[in-house]
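Structures follow.
Consider the two complexes below, in which chain A is the common component and chain B and chain C are the respective partners.
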Partner chain A sequence: MPQQTMPDTDYQLVIIGGGPAGLTAGLYAARARLKTLLVEKGALGGQVLTTDWVDNYPGFVEGISGFDLVEKMAAHAERFDLATRTAQISALDLRGKSKILYLEGGERLTAQAVIICTGGSPGKLGVPGEQAYAGKGVSYCATCDGPFYRNQEIAVVGGGNTAIQEALHLTKFASKVTVIHRRRELRATKVVQEKAMASDRIEFLLDTRVAEITGGAGGVEGLRLAHNDGTSSTLAVSGVFILIGVVPNNQLLPLNDLKTDEYGFIVTDTEMKTSLPGVFAAGDIRSKSFRQIVNAAGEGATAELSAEQYLAQLD
Partner chain B sequence: MAGDKVMHISDGEFDSKILKSELPSLVDFWAPWCGPCKAIAPVIDELAAEFEGKIQIFKMNVDDNPATPGKYGIRAIPTLILFKGGEVVDQITGAVGKSQLSALLNKAV
Partner chain C sequence: MPQQTMPDTDYQLVIIGGGPAGLTAGLYAARARLKTLLVEKGALGGQVLTTDWVDNYPGFVEGISGFDLVEKMAAHAERFDLATRTAQISALDLRGKSKILYLEGGERLTAQAVIICTGGSPGKLGVPGEQAYAGKGVSYCATCDGPFYRNQEIAVVGGGNTAIQEALHLTKFASKVTVIHRRRELRATKVVQEKAMASDRIEFLLDTRVAEITGGAGGVEGLRLAHNDGTSSTLAVSGVFILIGVVPNNQLLPLNDLKTDEYGFIVTDTEMKTSLPGVFAAGDIRSKSFRQIVNAAGEGATAELSAEQYLAQLD
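For the complex of A and B:
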């Protein structure tokens, strides 16, 4: 159907999620002049919003703050008139030729193709005390909450790039940051590891798991730790930052119809096609080994080009 | 503009404008260095317009106003606390969606 005759609630392409993958797909779709809507439940930007500093996005030689980077991505898509909307999706029916999206409040949208870019959320430890002290010493965002820990001793859990990079960021505030990682080796890129090793405010507790987060009325007071050699110990901290990777934001997705991996991430081919015709996925929601902003952006572009190809053969 | 509905508040005004207010109040504790805080700002603006006359919505910069965040044990932002009759009704931490924030506000309407 030519787009000028389509009703207001019918789109050629709907993109779900406004992080780097969704915004890049949106940029490409807007430039392709597809009748497109990007639906985002909260704020454009996704997890990058909570990233203090991005030093590995090509072209930004001096690095850029996560917030500024996604703001630029959003502005770039807006320059080509991408339509975006803040709305929560309540249900999706992606099986038919016409994909149906139900919004909270009862509104119904249709799309000929859908790109799922719902991303991920910070993984949880699942230990006692984690939920009880969330926002009271348990944090998943170093850039948001770091300044509350000036001259205090805190812990970071995790050994990947995010954990080590944010541990370094936290040394601007905390007097001591203990990095707790369950393996003997960190996973973070060597450049990042080297910086952390050189910091006199960072200490490492490797081969160690957090067994419990303890505290009182004022919030977190310490951690109970289990070491891989079978011993245990305690560590007094006033805050703990949990940065152990992502879990898929798949709660609203029709998981009976979409092929996912054992962790619930969506399986696609190299052209970002999912198991359903006309449904594509890009970014952290995809089943993959590496979750980088530059990957998400690249996948967003690929997904949109695949969607264009799919739409062309519909007519 | 919707943004005009959100007022900024300081430690010194907290008692008179929030705790002694007739209307329930939502306070968005934020800081300029917090990406998620900036990100939810447009949603807060929209809600301020939608709940005008029912709930007053304020923003408090935690860098400039350390006393109130300290009093309420805030160690993460954005934190949004809903007050009614001088008491805390409920609170949310983190950048959540509009529907969750609406649900929070409806607890005091």
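For the complex of A and C:
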């Protein structure tokens, strides 16, 4: 369908979500002159907006704030006239050849192809202090923030592979890492556990929950802990990494149609194709092991090029 | 094996190739404090070094020269003390638990894990005259050789993004650029096509192949062309830029062990794992449909994180 004859509610491509994956897909789509709309429910930027400092996005030699990085990504896509819109999607129908998006307020959009970049959210403890000290000692990403804790004492909350591997990773920086896990046994693979047990920088507090994160003007200063035997204690730390998993932002997806993994993340192939024709996914909403800004961006580019290829073979 | 007890020839991780994929893997490995070496046979930067202008690496809003972008990526990895070495590898043995690299001159390195980022090289036409006039009017790099053709008439062979972008770049020097493409339609992104169509220095010869590159003692003088309708013609040019895609730099790989596609690119899963344990691949050497700087970088990050996970479960 030639672009100029399409009504304003009909698009060749709709990108859902404006984090690094969505913005990169948008940059590529705008350069490809597809009739494209990027729909974001809040501010452009996704989880990166809440990342204080990004030290590992290649090319920004001295690092860059998360806010500045996504602002640049958004400006980059805007330079090529990407259309963006702030709107909440209430329902999606991705099954047919024409994909239908129902916006809150009743508006209806269609797209020949959709790229889902709705991202994920860190699993939260939901305890006092967690929100107040987010980015001031409370972190959800060891790779991002570990180097800030050189020779300091910190805590990791969680017992799975990610938590224990990241606890090990953090011993390269921190002088002491206390792993806090609510159960008697870790969930992490044995060999990973053994390595962590062998480290003289890691201590374990099992059968223990974080009841509160405490601090002052300078950020986190400690944790109030509740042990499963009914006792309680405190622990002085300058940082706490909450690594209890990522939850997919999949509330809008018709999960019964789209193949997802057991946690609800969308399964794709290496070219970002989902189980539905014309539907692609990129970034943290994908089923994958490693959630990084640069691989989200890379996947956004790949997803858009896959979508272009899909559109080219439509009648 | 604790890092400090390893001899200088033994590494936890060796990265082969210093383009965007290798430099990003190196950035991540250096930040993870793995004992890492990046081996590059020439200058750091890979094919991007020969790219005049990069307009689609997300975050560089106004674009950046290829040279400057890889210089920033290299400086970024160096900021975290990535060890790099200029050396030619003569042979690789990736089959065992310990990966062995034989350097020219006889030195032998080992690594517990290897990430292959050897990239690709420009594809060749394979027609008479191509080899004879290489460097005497036949070029594979517009950035490198464009300035030699000031006020001259030249040809570009190819219809993809690289070919059309470089044709535009070459209009800064040449008085006329004829784009020769074997198909009826260009493959390049629309915005790039539009720019080229708008240039009064670019002409298009579609449905046309180069049959021979002709010349004399001074170098290239013309092309013999075969059109898809069965006719033939000649075109007088003093230079021809062949920009028809990428062939894998796989000369060092024991291809009988590593799964590759029909063109010799390495097959990986979505986490950049190859068919051999402890061997990962990222960037243009991978079997994939879309070769972009940002997805090469993203794959470099993913490959390094996969390698970390592999190293963590070693005894």
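The definition used in the following text is that the second predicted complex is superposed on the first by the 194 of 315 C-alpha atoms of A that agree within 3 Å, B and C clash if a C-alpha of one lies under 4 Å from a C-alpha of the other, contacts with A are read in each partner's own complex, and residues count from 1 in each chain.
Following the convention adopted for this analysis, a contact is a pair of C-beta atoms (placed from the backbone, for glycine too) under 8 Å apart; a residue touches a chain by one contact, two chains touch by 3 or more.
Here the structure is a predicted model, which means the values were calculated and not measured.
Engineer: In the overlaid three-chain picture, which partner chain does A:Asn151 touch, first (chain B) or second (chain C), both, or neither?
Structural biologist: neither
Engineer: Could you look at A:Ala296 and tell me whether it touches chain B, chain C, both or neither (first, second, both, neither)?
Structural biologist: A:Ala296: touches chain C, not chain B.
Engineer: Under the stated touch criterion, name the partner, chain B or chain C, that contacts more residues in chain A.
Structural biologist: Touched residues of chain A are more numerous for C.
Engineer: In the superposed arrangement, which partner chain does A:Thr143 touch: chain B (first), chain C (second), both, or neither?
Structural biologist: both
Engineer: May I ask you to decide whether A:Gln313 touches chain B, chain C, both, or neither, giving the answer as first, second, both or neither?
Structural biologist: neither
Engineer: Which partner does A:Lys288 reach: the first (chain B), the second (chain C), both, or neither?
Structural biologist: second
Engineer: First (chain B), second (chain C), both or neither: which does A:Thr231 touch?
Structural biologist: A:Thr231 sits against neither chain B nor chain C.
Engineer: Give me the intersection of chain A's contacts with chain B and its contacts with chain C, in residue numbers.
Structural biologist: Residues 143, 147, which sit in both footprints.
Engineer: With touch defined as at the start, can you tell me which chain A residues reach chain B in the complex?
Structural biologist: So the residues of chain A in touch with chain B come to 41-45, 48-51, 65-67, 86-88, 104, 134-137, 139-141, 143-145, 147-149, 218-219, 239.
Engineer: Give the list of chain C residues in touch with chain A in this complex.
Structural biologist: Residues 20, 23-24, 27-28, 31-33, 55-62, 64, 69, 72-73, 75-76, 79, 189-192, 194, 268-271, 288-290, 292, 294-302, 305-306, 308-309, 312-313, 315 of chain C touch chain A in their complex.
Engineer: For chain B, which residues are in contact with chain A within the complex?
Structural biologist: Against chain A, chain B makes touches at 31, 33-40, 42-43, 46, 63, 73-79, 91, 93-99.
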